[in-house]
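Here the chain labels run A, B, C and D in written order, and each chain numbers its own residues starting at 1.
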Amino acid sequence: MSEHTLVQKLIAEFVGTFFLALTICTAAVHGSAGDYAPFAIASTLMVMIYGLGHVSGAHFNPAVTIGIWLRGACDKEEVAPYIATQIIAGSLAAISSSNILITNPKPDALEMNTLSALGAEFFFTFALVFVILNVATNEENSGNQYYGAAIAFVVLSGALTVGGISGGSFNPAVTSALLVSDVLEVTDIWIHLIPQITGAGVAVLAYRAIE
Amino acid sequence: MSEHTLVQKLIAEFVGTFFLALTICTAAVHGSAGDYAPFAIASTLMVMIYGLGHVSGAHFNPAVTIGIWLRGACDKEEVAPYIATQIIAGSLAAISSSNILITNPKPDALEMNTLSALGAEFFFTFALVFVILNVATNEENSGNQYYGAAIAFVVLSGALTVGGISGGSFNPAVTSALLVSDVLEVTDIWIHLIPQITGAGVAVLAYRAIE
Amino acid sequence: MSEHTLVQKLIAEFVGTFFLALTICTAAVHGSAGDYAPFAIASTLMVMIYGLGHVSGAHFNPAVTIGIWLRGACDKEEVAPYIATQIIAGSLAAISSSNILITNPKPDALEMNTLSALGAEFFFTFALVFVILNVATNEENSGNQYYGAAIAFVVLSGALTVGGISGGSFNPAVTSALLVSDVLEVTDIWIHLIPQITGAGVAVLAYRAIE
Amino acid sequence: MSEHTLVQKLIAEFVGTFFLALTICTAAVHGSAGDYAPFAIASTLMVMIYGLGHVSGAHFNPAVTIGIWLRGACDKEEVAPYIATQIIAGSLAAISSSNILITNPKPDALEMNTLSALGAEFFFTFALVFVILNVATNEENSGNQYYGAAIAFVVLSGALTVGGISGGSFNPAVTSALLVSDVLEVTDIWIHLIPQITGAGVAVLAYRAIE
């Protein structure tokens, strides 16, 4: 990846995060894919990882960028621009979904039990970052081709299993898109962000224990 | 692929596009697969890509052929015969589905909001061609084996997410099949073709920006 | 595969075909998997191909054995024992499903429109054998690891798309299992067998045209 | 894997088995994923295999540990600590699911026909261990990258096909989780454990016959 400029990496992060959030907002928030939204979301994530991994590493998620940075596999100077790009892409995707793809948007607000939602976001963000560190940054697995499927299927499992509990975000950029889509209230945003960041941090510790 | 003749490549494009459109017309247009049509469609696309990629490059889609040609990864003389073969295969598949597989065909006409359908076809044709350029023509990804799954899963995500918005074509040969199947009116065909061609063109520009 | 004895190969064909037919009879014929039977069936096929391909080539289907033999990639002496083993395994699986897994078996008989069923079995057996010849016997694709997924996903697409039209067999050993399960009448067996064998033969011709 | 310490391997077995059982208890036992629970379960298994295979071999299942040990591909001293860790992880996952993720847990008790449940657990535990021995321990398949998908898709097929017959466990650690979740009575535990252990043993014999 080193031969790409920061601007190229940010374009890649923008495109990947935009399509991930566009799929989530359209398929899940506005319900265009019905029960199959988790399959659509995981598919978009997988194809964008395989398409853009060689450019930016295909984070598409501030929690992932933080986890990879803490583990030492990402340049410190890139952390802030990556996260800013991801948040902007997620927000623009939410606006595009509501104003272009969905003609009569009336999404239901997320209803969350606080403890359960905290647990759901923590467990699956942990799993997501932990799997990424193992399949995409560990030397013993270098050169593998299953990384895109492995990472996307964490999100498939999480969206199916706890989508109805926390919204199944595991990603502050997706949480931004949910905020812009008016399904998450700003006073509830900590129920997503705290376990997402904590989950990423604990995943780095767990990864180091088994490395 | 250079060792195959143009006739062999056109046979490959015919077979792949025929089965893709046969699956779409039977599973989705005539509803034989119910809610699972997107899974059937993506499966057929994936297996035909893996089966025929070594012969013709497995485009099966005029927008893909145009995108690959603009990117400079396809012979100029092959563009027109590829596209003609794809359109013919799609149309014959629609006829085969209605006259052989479905005994009492009464498909519902597509109802589209123009802006939403234009957006849906643009976004997902862009994603399809953009992913193809990255996984199937970029040297950094040469030799990978996930290209078939990566390309097919764009269509899975698109069909699940915007299938109810635009019909989920992303492919002028599929749009031809929808026309022959009497679910798309000829006066509405521009709602598919313009964003499909534009999406392919913009994907080439985006690809060049990150290359 | 040459280092395995014929007996070892027949054990492998027995195990693979038995589990494929056991899944079909339980999940689809007796309906234990509801709408998801095609996913269960394709999963079993994929895992048995990856598990047993190195022993017997993982045919599990007389139409496949015939196609591979006609293409010259299988020993003539092995054709008859392979097919006999597949038919026996399919029949025993049907008996095991009805007598062990399902306590109150009352499957519905297949209702088929003759033309549509002939077309369905022809098209998808062609696709199955054609894809197998390309991904599992073609030198240009030698060493690939996607063959199991590619082959299984033909069956996923076929079962989803024409499962309600012909039963979605594409395999004389599965047709035997349907016969033993009492969902297919013996006078209708030609509606499966003729297009299955013909589809395999035409697939060999098409393969030779593009080889 | 030899470069990892036993403690590291046990951490890996704990994390993988915990998430597998957490997904099963939440998605299936408490029904958070509805009909799609088998897809969530297989996804979690696949990603944990790809993530942790390089550390512990990714058994996550006492029947698998026993099968791999009988086949001679696992250190005798590791069998007891692996199994103990798996059982503890499964039990803690059940407690976490009921007390954190699910706010009002009222799972339905499993209703099993004894013969059918014995057959279901036997057949699919056999298939699971048999496929694992072939894709993950056989030299002819060494270096393959499909092992995670192949192993997880046995569980997808089994959960879809016999989930309603036996609960679809195929794993004594999962059976422990079902016991802790109060859906399996302690007097019925033999209906799971005996065919699971027997299935693993017969799989080793079948594997040796074709090796």
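Heads up, the rule we're going with is that a residue touches a chain if its C-beta (ideal position, glycine included) is under 8 Å from a C-beta of that chain, and two chains touch if they have at least 3 such contacts.
Source: prediction; values computed, not measured.
Minimum number of contact steps separating subunit B from subunit C: 1. The set of chains touching subunit A and also touching subunit D is empty.
At the interface between subunit C and subunit D, under half of the residue numbers involved are used by both copies, so each side presents largely different positions. Rounded to a multiple of 5, the Cα-based rotation taking subunit A onto subunit B is 90 degrees.
When every chain is reduced to the mean of its CA atoms, the largest separation from subunit A belongs to C. If you average the CA atoms of subunit C and of subunit D, the two centres end up 28 Å from each other. Measuring from the averaged C-alpha position of subunit A to that of subunit C gives a distance of 39 Å.
Among all residues of subunit C, those that touch two or more other chains are 35, 39, 145, 149. Pairwise chain contacts present here: A-B, A-D, B-C, C-D [touch as defined]. The residues of subunit D lying in touch with subunit A in their complex are 4, 8, 11-12, 15, 19, 22-23, 26-27, 32-37, 39-41, 43-44, 46-48, 50-52, 54-55, 96, 100-103, 145, 148-149. Residues 35, 38-39, 113, 115-116, 119-120, 123, 127, 130-131, 134-135, 138, 140-141, 144-147, 149-151, 153-154, 156-157, 160-162, 164-165, 206, 209-210 of subunit D touch subunit C in their complex.
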